[in-house]
Structures are given as C-alpha cells and as structure tokens.
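We just call them A, B, C, D, E, F, G and H in the order they show up, numbering each chain from 1.
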Amino acid sequence: MIAEEVRLDVQRSARTGFSEIVYCPGKSDEQLESIASTLKDTKDNVLFSRVSYPQHCIIASVLPDAVFHAKARLTGLRRQESPRYKGVMVVTAGSTDVPVAEEAAVTAEYMGCDVKRLYDVGVAGLHRLMGHVEDLQSAKAIVAVAGMEGALPTVLGGLVSCPVVAVPTSTGYGINMGGIAPLLTMLNSCAAGISVVNIDNGFGAAVVATRINDPR
Amino acid sequence: MIAEEVRLDVQRSARTGFSEIVYCPGKSDEQLESIASTLKDTKDNVLFSRVSYPQHCIIASVLPDAVFHAKARLTGLRRQESPRYKGVMVVTAGSTDVPVAEEAAVTAEYMGCDVKRLYDVGVAGLHRLMGHVEDLQSAKAIVAVAGMEGALPTVLGGLVSCPVVAVPTSTGYGINMGGIAPLLTMLNSCAAGISVVNIDNGFGAAVVATRINDPR
Amino acid sequence: MIAEEVRLDVQRSARTGFSEIVYCPGKSDEQLESIASTLKDTKDNVLFSRVSYPQHCIIASVLPDAVFHAKARLTGLRRQESPRYKGVMVVTAGSTDVPVAEEAAVTAEYMGCDVKRLYDVGVAGLHRLMGHVEDLQSAKAIVAVAGMEGALPTVLGGLVSCPVVAVPTSTGYGINMGGIAPLLTMLNSCAAGISVVNIDNGFGAAVVATRINDPR
Amino acid sequence: MIAEEVRLDVQRSARTGFSEIVYCPGKSDEQLESIASTLKDTKDNVLFSRVSYPQHCIIASVLPDAVFHAKARLTGLRRQESPRYKGVMVVTAGSTDVPVAEEAAVTAEYMGCDVKRLYDVGVAGLHRLMGHVEDLQSAKAIVAVAGMEGALPTVLGGLVSCPVVAVPTSTGYGINMGGIAPLLTMLNSCAAGISVVNIDNGFGAAVVATRINDPR
Amino acid sequence: MIAEEVRLDVQRSARTGFSEIVYCPGKSDEQLESIASTLKDTKDNVLFSRVSYPQHCIIASVLPDAVFHAKARLTGLRRQESPRYKGVMVVTAGSTDVPVAEEAAVTAEYMGCDVKRLYDVGVAGLHRLMGHVEDLQSAKAIVAVAGMEGALPTVLGGLVSCPVVAVPTSTGYGINMGGIAPLLTMLNSCAAGISVVNIDNGFGAAVVATRINDPR
Amino acid sequence: MIAEEVRLDVQRSARTGFSEIVYCPGKSDEQLESIASTLKDTKDNVLFSRVSYPQHCIIASVLPDAVFHAKARLTGLRRQESPRYKGVMVVTAGSTDVPVAEEAAVTAEYMGCDVKRLYDVGVAGLHRLMGHVEDLQSAKAIVAVAGMEGALPTVLGGLVSCPVVAVPTSTGYGINMGGIAPLLTMLNSCAAGISVVNIDNGFGAAVVATRINDPR
Amino acid sequence: MIAEEVRLDVQRSARTGFSEIVYCPGKSDEQLESIASTLKDTKDNVLFSRVSYPQHCIIASVLPDAVFHAKARLTGLRRQESPRYKGVMVVTAGSTDVPVAEEAAVTAEYMGCDVKRLYDVGVAGLHRLMGHVEDLQSAKAIVAVAGMEGALPTVLGGLVSCPVVAVPTSTGYGINMGGIAPLLTMLNSCAAGISVVNIDNGFGAAVVATRINDPR
Amino acid sequence: MIAEEVRLDVQRSARTGFSEIVYCPGKSDEQLESIASTLKDTKDNVLFSRVSYPQHCIIASVLPDAVFHAKARLTGLRRQESPRYKGVMVVTAGSTDVPVAEEAAVTAEYMGCDVKRLYDVGVAGLHRLMGHVEDLQSAKAIVAVAGMEGALPTVLGGLVSCPVVAVPTSTGYGINMGGIAPLLTMLNSCAAGISVVNIDNGFGAAVVATRINDPR
C-alpha cells in the first residue's frame, strides 16, 4: 500500500540532468523506507533533504552507505564520481545562515561542483566582503544566503558579472516574519543579475547554480 | 462651523520645541483657509506638508508671503531666522527618491538646520557611496531615503557612528507593495543605529534628525 | 542641480559586464534629459526601461537614434553590434503576458542574445506546450512568464535541464493580488532548477538569463 | 451543564442528506463524551474528524464499535450499509499530501462512495500523471490534493470534463505560509471547472465530491 | 506576428466538454481581432468574458452575430442550440452583487443550463431567504454570490443538500479588501458542501455548476 | 426586472427598531430608482449612505423631499419627528476625519439622537482633549473617529465609563494601508469598554451608539 | 524593584466605573505577587484574566479568597455584592467557542450582571438559533462568540434591536489564520448594530456589554 | 572550520563608535565558543544579546568575568569604565514590556549612559504618565516600549521635545500578530519626533538612543 503512495520519478535523471532528490519533512517512516528500497540499485547519486537524524537512521538501515551531513540536514548516497566543475561559490551574511548555506554547498558538491565557501561577510561591515572581491568576480554562479534584512545580494550584484542566486533565510525576529523580509528585499533588489528561491531553500539554489555552471 | 473642525495646537512650540506643521491631504478648502487665517499672526515658522498646488494657492491667498517648494510638496512661511545648526545630511539611493528627500531637507532647513544633500548613491554601485565616506562620518544625523529593496541604511549604518533615520519610499513595483518591502528591510537591518519612519515620511525623518542635532 | 540628483554608474560595464540600464518610472523630465545627455557619447548599448511614450520623446530629443519598442516599453540605443549567443528562450502562459515577455526578449537581444519566443502555451491546455518540448530542451536558459496561478514554470522545470527564470505577471484579478499569487506559486515550486524575479520584471529575468548564457 | 454546551443538529440528515460530522479539535473531553452519548442510538453513519488517538479512546468508551482511521485522523461509526456510487477519485501531488487525501477518501467512503486513489502524481514529473488520463477522464468528481505550489488542479482541469475540487495542503515551508501559497494557486487557476476548499480540508472536499456524485 | 501570440485551445471542446472561453482584460485589440478571426468557423458556442464595450465592438466587427450582455460583461456567440438542463440556481446576498451573478447565469445559459435567479436575499434579513427554501432545495447546484461579510453560503449550506459554489464579490469597503473578507468567510464556512472560486469569478462558478449539473 | 434585483427589508423597522438604510456604492441607477419608488409611502425615516451627488439627484427625482448632506455623503428623508434622546457624542482625532464623523452624527440624528460634536482633539496634543473631560464623562455612548495611528479611543477609554465605539478612518499614507493601522490599534486597545467597526464606517458606529443610547 | 515595574490604576474604579482587571500572560511571578499584595485591601471586585493554574496559585497565596474559574481562565475576588442587572446574553456558534464565552459571562457576572447563556447555535443549522428568538429579542446587549467563518453576528444583527458585541475566536484551521477570518467577517457584516473586539477577547466584550447594560 | 564561519567585525569600535555586539539566537555552541575566544583580549565592552542561560554558560566558560542579566537576556563583559552620560530614559506602557525595556536599559548602560527607568505608565490610565512629565521633558532621548495597541509613543511625542525611539513589543494576542499592531501604530503616529525599531528590539533602540545622547 505504501508503494502506491510514492512514485519515484525514475526518468528524471535522463530528462532533467539530475538524479532523484527526496524532500523528507512530513514523510512517514514507511514511506521513507519504501523510497529507500526503490533506490537501492540506482546508479545515480541520491540526496534526501531536510532529514532529521531518526529519518536518516531509517534510510541508512536500507542503504548502509548513506552519509549524514548534520549541519546541512542532508543524507547522501554517492554512487558515481562526477567530474568536478569549478565556479560555484556559496556566501553568507551571518554565521546563523550557515546551515542553509551548507545545504546548498553539499548539494552542489553531490551534483558535481567544486564549491568555494565564504561565510559571515554581511554588508553592515563592508570590509569583510571587500577583501574577497577578486574571488567573487571569478565565480560562474554565486549562491548568496542572508537573513535579517537580506541586503547582501544587492551589494554582490553590483560587484560581479555572473548570476547571483539569492536565498533568504528565516534568521531574524519580529517583523522579519520568518524570512519574508529578506525574501522581499531580494525580489526588489535594484541590482541586476539576481534571482531568488524560497526561504531557507539552499537545496533549490544549489540546483540552479549547478545548472548555470554546467558546461553542457 | 469650520473653526470648530480644526484646533491648532498653539502651545506646541513651547511644549515640543517646534512650531505647527499642517498635514494637508484630505483637508477641505474651507479647513485650509481657516487654518491659514489662524496662523496669520504667529511668530514661528510654519510648514504645510503634502501640499498640492491648488492648496498652496488657497493658503497663499491668506498668507501672501508663503513660499511653495514644488519638489518637496511643502508650503513654508519663514517668520524668524533660526540659527543654522550643521550636521544633518540627507542621502538617497536613487534619483526617484529625491522628492521625499527634498521634503526632509527643506523641512530641516525651516527648523534651523544646515543640510547637506547626497543623492543617487545606492549600494548596487558601491563606489558612488564610498567616495563620500568622510562627509558621512562627519554628520550628526543622517536621513537615508531609499525605495526598491531599501538596502542603503544597512550599509550606511556600518560606516558611520551617528544615528541613521531611515525613510522607505514607495519607489518600486510588484512585490515592493508601495514601499512595504524597503520598510521591512530597514526595520530588520542587522546594522546598528538605525531607526525608521513611515513610507515616504520625509517630514517625520526631518523632525527626528533636527531633534537629534539640536544642541539644547 | 539635476546633475547632482543622478549619478550614472559609468564603471558598471567593466565591473558587471553590462552597460547602463535606466529605470524610468518616477523620474522627472529634467532627470531623464540629464541622463540622456550623459549617455550621449557612451560606446555601450543603452536601455531605458518602463518608458512611457512622452518619456521616450524626451530621450529621443537628446539621443536621436534611440528606438522605441512599444510593446516592451523599452527605449534602446544600439551602439555596438554584439555577437549573437544562442540559447535564451522566452515562454509565456497567456497572451496577456506578452508585454512582460517582450521586455525580457528585447532586453536579452540588446545584451547580445538570439532569443526564441514561445507564447500562449499555458499548462491548462498541455498539448500547446508538449508540441515544443524538443525546442525547450535545447535551450540554455528559459525565461518563463506567467500570471493567473503561475503554474507554467513548475511543469517546465520537470521537462528541461537548464535553469528556468520564472517571471510572475500582474495578469489576473481578485485574490491574484497584482501578481502575488503567481509569485508565491513560483517560489514554492516543487520542480527543481527554478529561480524567480519580481512581478512583471521581464528586464531582470533577461539579465539573469543573459548572464547564464554568457560563454565568458 | 456540558449538555447545554453542545447541540447536535439531529435534523441535518433529513435536511442536507448527510449525517452528523463532529469536528474534534478544541472540544473538551466532557463535550466529546456528551456528544458520543447523544449519538448512541442514531441510525446514520457518524464521523468524528481531526481526532487525536486519546480523543478516539474517549469516543470508543461510549461507542465501542467506533473505528479509528489513523492516517485520515477520523473515527467512524458505520451504522448502515450505504449503496456504493462510483465516480469519486482522490489524487495527490506528493506523498506528504496523503493524510489529507485519506481524510477525503475515507469520508467519501462513509458517505456511500466507491473511491479511486491516485497518489504522488505531481506535475513536476508529468509522465506520472499522464499515464492515468483515461481513469481521470472517467471520474464524475475529482478531489485534487496538493501542497507546495499547488499546480496539480490546473493541469487536471485541462484534462478532464468533471468538476475538480481542489484541496491545498500545508505541506511546504518558507513563503508557502502553511498552505496559503497553494490555496492562492488554486483560486487563481486559469483552468476551468475548479473550486476550492480550505487548507487541509479533505473532509470538506469529500462532502462536495459526494454531493456532486449523488444521483439524487 | 499576433497570430504567434495567441494559441486557441481548439481541442478543448472534445477534451473538457466545453468550447473556448476568452478572458479579455489585458488583451490588445490586435490579439482580440486575431482570436475572433480564428473562431469565425467554429461550430461551438463561444464566450468572451470581462468584455468592455469597445472590446465588444472589435469582436463584433469580425463576428457580426456576437451578442453583448452588458450587465454580465460577456460577449456571446450562440452557434448551437444546446439542450436545456434544469437545476442551476444563482443567488445573491445584495443587489450590488448582481453583475457577478449575471456573469454566472448567462455563462451557464450558454453552456446549456436553464438558470433560476434569486437576488438580494442576504442573511441579515433572513425572511427574504426563508421564503424560497423549497426552490433552493430542488436545485442540483447553487451558485451563491455575496460580498461584504459573505455569510450567505454558510446559511445556504445548512438548508440544502446539493453542492454550493460560493463566489465572493468585491462589494464592500475598508477591511473588506476588495473581496478578501468574504473569500475567507466562504473558505472557513462551518457548513458542509461548499466550495469556493476567486473573487468576482462568476464565470468560473458557472462552469463548475454546469459540470455538476451535467447528466453525462 | 430591476424590481427582482432589490428586495427591501420592509419588516426591519418592526424587527430591529430602525427603518431601512440603503448603501449606495455599486448600485445601478435603475436599482436606486426602483428602491426610491418602493420607499415613497413609507412612514419611517430613511437614509441613503455613501451617496454621490448624481445618485442623490436620481433619488430626489422620485422622493422630492430628500435632503442631501454633502459632507456626510448621506441623503435623508425625515418622515417622522423622533423624540430626541441625549447622550451620543462624536469625537475626532483630526480635521480630516470629519466626513466620517459627520456620517455618524447625521445618522444618529435621523435615528432620534441629540448629538454633541467634538472635533480635532487628537492625543498628540493632549490638552485639546483634556479641556473637555467633563463633557465626555457625561455621555452615554461615544463614537471615537481617528485615522493615522488611531490612538484616540485608548486614551478616551481610560477617561470615561460609557462604551466607546471606535471608528478607524482611511486618513493616512504608507503603512497606514487605508485605515488598517488604526483598525488594528483600536482592536488591540489596552483600555476597556472599546468596540470597533469597519474602516470609515461612521454609519455603523451611529447605529451601535443609538442602540446603546436607546432607553427602550 | 518589582514594585517599580507595576503601577496599579487605583483611581480607575472612580473614573471608569469598574475595578482593576489584571491581564496575566507575560507577567512574572514576582509581578503577580506584587500586584496581589497591592490589592489585598481593595473594596472593589477584582479579576485576573488569562490566568494559568500556577499563576492562580501565586495569587491565591496572597489573596486566599480568590476563586479560580478554570474554563474561563479567570481568577476572581468578590469583595462586594453588586446589584444584579438583567439583560446581558452570551451566545456561541460552536461548542469550542465556550471558553471565550465563559470568559465573557463570568466577567460580566463579576461586574454585576445576570447573564443568560445560549451555546452551540451556529447558523449552519439555523433551527438551533431560531428556537430562541424571543429570548434574544428581550436582551439589552448580546455578546456573540464565533470562530470558523464567524457568520453568527450577521444573522443575529438582523433579528434583534439591541447592540451585538461580536467576539471572533481562534477556533478553526488553515486560512482561518487564528481567528482573522471571523474577525474580518464581523467587521464587514452587512447587518447593523454590530461592533467587534479582538480575537478571543471575551473579557473586553463583557466590559462593553456591561457598560451598555448599565442603567447609570 | 568554525573559525571560518564567524568573522568578528574587529574594526567596528573605531568605525562606528561602539564595540562588538553578538546576536545569539541560532548560533551553534561551537560558534559561540569560537566568538568568545576571539573576544578574550578585547579592551572594549562586549555584549551578547538574546542569550539563553545555557548559551551564557558556554560564553562564561571562556570569559569567566561575563555577567548574565537574566531579565534583559544579555551577557555582558565590562572591560572599561565608560564615562556616564545622562539623558537616556526608558519608559514602558505595561509591566509585561519590562524584559524588552531592560534589554534597552542595560545595553545603554554598557554603552556609557546613565539610564532612568519609568515602567507601567500606559496611556489608558493617563495620570500614571502625567505625574512624570517633568522628568520626561528633561531627557535627551526616550526609549518608549509598548505592546498591545502601542499608543504610548504618540502621547509622549506630544509632551517632549527630544527624539522618541519607539519599540513595539510582542505583548498581546489575536490580531496583535506578535507585535505587528503596535509596530504599525508607531510608524503611523501623528506625533512628530518618533522613529521606530523592530519588534522587541530593545537593543537596537538603545544603540540609537545612545548615539543621540553621545556628546561627540
């Protein structure tokens, strides 16, 4: 019966260039187990996102070589050694944005990217960012992660010529409204070259950045 | 009868240090005329804010020495030469923010300040702002006016040690929502020393900046 | 004085790879004239966005070779023949989304792209889209423009392997709230590879798509 | 005293064609017990919705033949064998939407429908849905359950000629806002034949679908 | 070129049981003319919704037998005499809800229904509604149109056993927010058998009601 | 046909103690004429609210003794001399709140109250209010009308022992959001004895105040 | 020090006709103890609202004759036998609205009213309400408590001639948004004589109803 | 690795006049430890804001002279005896606003101010505030902290001539929406000289007040 509740999109790798990614919140233990079983013999890399540790354990009981990336809340299964494309950079405004950034970075790594990380360089202390302009300008796609007021992508957008994928985070309080404030900031940015994904969606940003970076 | 609809706060100058300011939208012609008449013999400076040109004409018919500041949408009556305190600076992110900035600057001038203007220095092109850091750091109060994503005050807040009064403007479109986006940005700023007034409220920011700057 | 209100970002071409783009709503006639004069001798291509016809006339009085793209609300100045990179595709869900799509397409053309257009292929009539899958799968960046419920990018995201830049439009009524509904749809898309720009921001999407497509 | 707090609508079966359904959240244990007692001798089928397991136990202590449907969060009392009308189909976009779908399906079954289930056929992987078009086109009423961006009903609406009752779910995160995003998507759908119920309201959708399907 | 902007869904009649309906706001004159031309030889009934009178004139210049229904803002082309199914009833709370109700009623008539109208029977004066209970209980589908607080469908839902398609209207002021208040009322109704369409979407409600009523 | 669109609630006077009141926005000229005709022989007082001057002329063509109250946007028909109950007081924070206050005051007068007016006594200049405390404390019901931040009812609520009916107005700009800000202020007031009506709903407040004041 | 954090409004009884009421959420144990001590010798009745049981225990340790009303979440201190005025009626739509209704009813009783209760008479089953019309029409003030869609006050407003104080409750789910939906319904009610208090504010409604009922 | 996640802004003291302040929510234990280590040898005062007690313990294990201010949720490190500037006053409307007020007061004290506290003087009982007018008028900057409807700053703004920094708190319920209601009240205040910070942002208000008060 559970098998009838989940339909893995097994053609996705061929069709969209990436393997299956399983979003775990709200999935029952039975569903997770069923999904893991289906993926036992896949030859693609697999990622489970927003995994709690108990959920990881269920997955790992079926797929023993699954690796838990605690900070990124990802469980990964590396079935093939992808070539390593350079060019993706993940940047955060604050240190509390790191979990979302790690979700982005680790996802991009599973998808075949070499990732540079640059954390805690928010624009309220500009010199922290300005010391890395050269690095930033050599990137092919930048994932910019920021909570609070979310101003980082605007300043970045004016410094680089590659696309900036902006990720608002739910870091903040009061009228931040769980990340709605930085989301709005990013969507209204007067800097060009910026596009936006959902709040805390490090994974989604990584897919966009990887597709941008893909030399195919 | 109209006289019973408007009660000017004639004790305000003594009590709060400033003369009467009349917010004009929604006021009937009869109300404006009645107010202007009441102010005929005041010895304080007077400002009418958000004045349309027809409204100015009604006021000027009663107070012939009233001056119309078109860009700032203010009608002013200078009845005394205030001493000129230095230290207030008005900064905008874009050129479409200028009317709100002018409302702030002209108001502060009527209240006795010498005002420095620095317009169109938005942070998507940082070098425009960075060329004026010294000027900014010598201010005692900065009014920072920005629409779109409203990131300017955050960057400013990290550069200066005086209070920054942030004014969101309704410049923008779509999910900007008439200035709500930059308002949220400013309220959530991770830079310190920033406080915020209502959207397009150049006048209110000027009063705060003037009170900050006041050596009393 | 007007000259002090506008500061063109003349270093932008070198720094970010693109020439100046001027957002026109809210700019006074004097500001537009001042900007046009400053751009008289630039060697880059220039675009004025969200131009009304009277604004175009002011610009054209200073820059006589400026071309008005009525449907796209753009005034363009082609100063150099850019190489033509293939790979950008602009798709709309409905025919009322065409003006925003044209803003995107014409912008991308000025920035050196060969643009394919595919209009009125909304997913409530899937066969209209499915007849073009091959074309879509050969693109390097797709700008997907949709109002109403904004479901197009989700279906597209499952069909292609390149990044999809989703543009919500203000087409709709009632609880559409001027494009907020499709904006939310796109930000919450369960398809991967999608990032989003502000409502009706065809221009912004074009810049992202062009930067993605850029072989540099 | 409790008896004065609850007034069961005992005429409802005659008036509206269905028996009493009791919404349980917020009800005190005393209220539930009092309601269960009143229903002891009813000859209609009865449903308690959004039941927690402890609440089920209170009900079952009074009505020992009550059955707990854990996934659907329903406690049911089958007092009569209704005739089985075919034609209701319950469809979900994802596997996390299953609990809401089960609430709909089990409710419809208690109300006398034969229900077909088709789960995890979201439109980001169209082929999952397209393999079932014939089944879908033979339905008389479809309950379409979807969270995230909620695009499923729009695609369905273009494929079938029966009414589609769309149920947004609270599956999602960030700007999904607990199901508000898919709710808006469904209300703004450009496909015809779609109407919408409250977020997670599988029960309500089942009643509508059953009334549509009713040959009376 | 215009022809490439509009793709009529000519297979829709076969697939979904209804002919093409053209939503007119935002369509350019050229687009409307192009659509009208394409429909010249169709044998199905056709409707243009939310038509302004000038738009009607453009359509009528191509399709001379097109009829303008001013109150309903519809232009219709009756190409076949559909059989007349009874059972659809359109009810309004107030007299200002009549235009939306007429959009629903006329649409349902073009789709082959005999429609009963019952207008201005809002529940703040219950006796107006209670005098028509018998009529209401004999309907197979009720379209309930209400602005202000939108309480009508809740009371109706308790009186009848057929589905109620609730249409919030933008009638109201202040915190009504253009129909959002009655929309929320209807989505939260504690009465069963109610589903909801977008604000002012009389057309959409009519399609749902017609599909419910359809004996196929 | 128009007659079938409007159903006057002729029993209302007996049932609720007041005569018919007709809300005019959105009503067609035919509807207004039809309503006016129906009211020709009523013996109760009648009010048409939110009347435009052209609408008044249509009404007056049928009911020649109808009086237009321009500031209050009311057309009234005084058919009986009600006894004059004292005790209702209408207070405004600013002079731009006067039209809403007049709608309240004139309505209460038609309903048989003697109304005291106290205008432009907002709490940013407390002395204006404090000079009238005795008057306020002798009232039986106070209608408190305020826009901007809407603080007046909170201060009033602490000064008097009668109910305060708070009316938010749409006076304001920016994040005032057309009166939503003062509406929220009033609903959250920490003073007791305050209840609230819709934005700009002077009429509704008057009915509440009159019912409070009614010695029956 | 705690004594400096709380300033009881000891003049309130004289000024506003009621004794002190203490809102307890967020108050520290020290603050509650300090307040209770101050009230030890008051001769007025006292109420503590939204009291948790542990908070009650702290209060009762200082004021041993304090009574805990669990369902109403009130702790009361009856220091004087008020005269009993008849005329306040408390009505609820559902049984889950009872705690808010009890907060209203018990508060009104402490303030000297004889209160009639009529619970679970929501308008989706009209006959439950219609059996009590005579009772309702004899009331001098009705507190109408409803969650979900909140339609009860609208129907009540059309049946009675006394003021209706509407209390939205947070009963509901999904787009109910914690009571915002019924709050909007009540503020937009097309029935006259209705005013509204904050969500779940049974206490506030009781104060208004008591002041209305007060023969002073 | 942790060291790469946090970049303390060590130049901030020189640049902005204040030492580092560390916002603690969402920071991992490792990050806090790393930050504390970096600050071991700083000669400036240091504050950790929104500190939980377990977080304080981690900090104190590295910086043993750190002091925990429980009510203000601050951990402070006093490394230098700043001169004591007079003139900052912290005022609250209620006693539940005290924690936010203490965050402001203690922060200002660490930054070198002598702070006067005036708590529980909300405007629903005006006499509590009016007894302190002289004190208020002698302040150079007032931090006004209020939840519920947030009317305090408006009344204050009319009484004093110094800037008022308004802090909305999340004290309240229902449509208070976690402090959004008082935030809107304060932003829309019709009193002049008021600027606003984020909900519960006592810390931010203190920085603004200190910068205002700073004689530099």
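Operating definition for what follows: a contact is a pair of C-beta atoms (placed from the backbone, for glycine too) under 8 Å apart; a residue touches a chain by one contact, two chains touch by 3 or more.
Note that the structure is a prediction, hence the values are computed from the model and not measured.
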Point to revise | Which listed pair, G-H, D-G or F-H, duplicates the contacts of A-B in over half of its pairs | key: F-H
Check your understanding: Once you count every C-beta pair in contact for both, which comes out on top, F-G or A-H?
Key -> F-G
Revision key, fill the gap. Per the C-alpha centroid definition, the whole-Å distance linking chain C and chain D comes out as 43
Study note, to complete from the structure: Per the C-alpha centroid definition, the whole-Å distance linking chain D and chain E comes out as 26
Review point. Roughly how many whole angstrom separate the Cα centroids of chain A and chain F?
Key: 56
Practice item. Could you check chain C for residues that touch two or more other chains and list them? Key: 9, 12, 23, 124-125, 157-159, 174-176, 180, 183, 187-188, 190, 192, 198
Revision key, fill the gap. Touching pairs here come out as A-B, A-C, A-D, A-H, B-C, B-F, B-H, C-D, C-E, D-E, D-G, E-F, E-G, F-G, F-H, G-H
Check your understanding: Quick one: in the complex, what on chain E touches chain C?
Key -> 4-7, 9, 11-12, 23, 25-28, 31, 50, 168, 170, 178-180, 183, 198-201
Study note, to complete from the structure: Listed in rising order, the residues of chain A that touch chain H in the complex are 95-96, 98, 117, 119-121, 124-125, 127-128, 171, 173-176
Practice item. Flag every residue of chain D that touches chain C in the complex, lowest number first. Key: 93-94, 122-126, 148-151, 154-155, 157-159, 172, 174-177, 180-182, 184-192
Practice item. Could you please specify the touching residues of chain D with respect to chain E in the complex? Key: 9, 12, 15-18, 21, 23, 157-163, 165, 183, 187-188, 190, 192-198, 204-205, 207-208, 211-212, 214, 216
